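Questions regarding the structure given below will be posed in turn.
Think of it as A, B, C, D, E and F in the order they're written, each chain with its own count starting at 1.
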Amino acid sequence: KELQEFLMVEKQKAQFNAQIHEFNDFCWDKCVEKTGNKLDSKTETCLTNCVDRFIDVSLLITNRFAQLL
Amino acid sequence: QVKQQIAVANAQELLTKMTEKCFKKCINKPGTSLDSSEQKCVAMCMDRYMDSWNLVSKAYSLRIQRERNNM
Amino acid sequence: KELQEFLMVEKQKAQFNAQIHEFNDFCWDKCVEKTGNKLDSKTETCLTNCVDRFIDVSLLITNRFAQLL
Amino acid sequence: QVKQQIAVANAQELLTKMTEKCFKKCINKPGTSLDSSEQKCVAMCMDRYMDSWNLVSKAYSLRIQRERNNM
Amino acid sequence: QVKQQIAVANAQELLTKMTEKCFKKCINKPGTSLDSSEQKCVAMCMDRYMDSWNLVSKAYSLRIQRERNNM
Amino acid sequence: KELQEFLMVEKQKAQFNAQIHEFNDFCWDKCVEKTGNKLDSKTETCLTNCVDRFIDVSLLITNRFAQLL
């Protein structure tokens, strides 16, 4: 039983990490133009907003899809 | 149950693709919230993506039939 | 035996759907520029032709490849 | 049989990639049929893709050898 | 051991993505060797990609928390 | 034991081929513009260099990452 719980937690962590890889891949292409000595604040804001808006779009589409069914 | 699993997998793939395609079409510069024009654009884009899915599905079915008849 | 048949039919349906996802992904990028209140007829024709021409290209390449072997 | 399966998987992957790459290179606006110039373009593109595959394969093999010699 | 496997898988995915993204950003025309400006660009790009990963990870964690509180 | 060795060799070949598919996909987009009767020498050089530079970038990133840990 403890083993099962342990495995489930590890699986969730792996899914969380996989999701971040996807977001970072997508939002990097959207937001990062130049790669200097650090990310400028405009790029940082874009990256953070990109993640939140992506989730917004995903929720909007999922909820609307559920209504259409 | 197999049927259901496939139906769910199919819907999930559709939702994933629509989210990506419609984000690209509608969110030019991600802001602090989805404004109403972005929301409207996403809703329309979603409907068009499903229209496109239906057209593509029909074209593919017809093609499979034609290929079978030619055999 | 009936179970096997049932599973095979379901597997084919899943492959058919996976193929449509791929075609729709590819042909959407090729054909759809603006997303208004409906797909205009030019876009609809492009989508239908895109699927058929994609299959043509695939068959052409597969047959030519078989000849080269 | 394992060998054969890998050979088949490899050929299928090659055919899939060539179809996608050569459609993108040769079919600008999908019409009601593949016209002869599109067919010719696809055939040439396919040959070039296989040339490229052979070059890449050779470059990769040489690199692996060099890395082994440096160890 | 499961933890380690996931950590390794995670690092490998990160390395794969960084290699692809930073090659695209830094190697315009592949020459006979990586020159020093390309090497410097790749090193900086790598640091920025990890910065971006940390920002994205933080934003995603915060969002999950907010969604949980709203439930 | 011989079977194991055989399977391992076959697995390595499969990984080698998968790697070539990836390199060829990536370097084709980077280097090949026109597809005429043969690849011109500039394109051939670009393809060969692309593979070697890709591996260089990969090694540079992997080594630097190991140092940061």
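Observations
By our rule, a residue touches a chain if its C-beta (ideal position, glycine included) is under 8 Å from a C-beta of that chain, and two chains touch if they have at least 3 such contacts.
Worth saying up front: this structure is predicted, and the values here are computed from it rather than measured.
By the document's definition of touch, chain D and chain F have no common neighbour.
Computed centre separation for the pair chain A/chain D is 33 angstrom, with centres defined by C-alpha atoms.
Rounded to whole angstrom, the centroid-to-centroid distance between chain A and chain E, based on C-alpha atoms, equals 13 Å.
Inter-chain centre distance (chain B to chain D, centres taken as mean C-alpha positions): 29 Å. Of all residues in chain B, those touching 2 or more other chains are 14, 22, listed in ascending order. Taken residue by residue, chain F touches two or more other chains at 31, 52, whereas all remaining positions touch fewer. Tracing the ring of inter-chain contacts outward from chain C, first into chain D, gives the chain sequence C, D, F, E, A, B.
Looking at the complex, you find that chain F touches chain D at residues 6-7, 10, 13-14, 16-21, 23-25, 27-28, 31-32, 35-39, 44, 47-48, 51-52, 55. Across the interface of their complex, chain F is touched by residues 11, 14-15, 18-20, 22-23, 26-27, 29-34, 39, 42-43, 46 of chain E.
Of all residues in chain B, only 2-3, 6, 9-10, 13-14, 17, 21-22, 25, 41, 44-45, 48-49, 51-53, 55-60, 63 touch chain C in the complex they form.
Per the touch definition, chain F reaches chain E in the complex via residues 26, 30-31, 46, 49-50, 52-54, 56-58, 60-62, 64-65.
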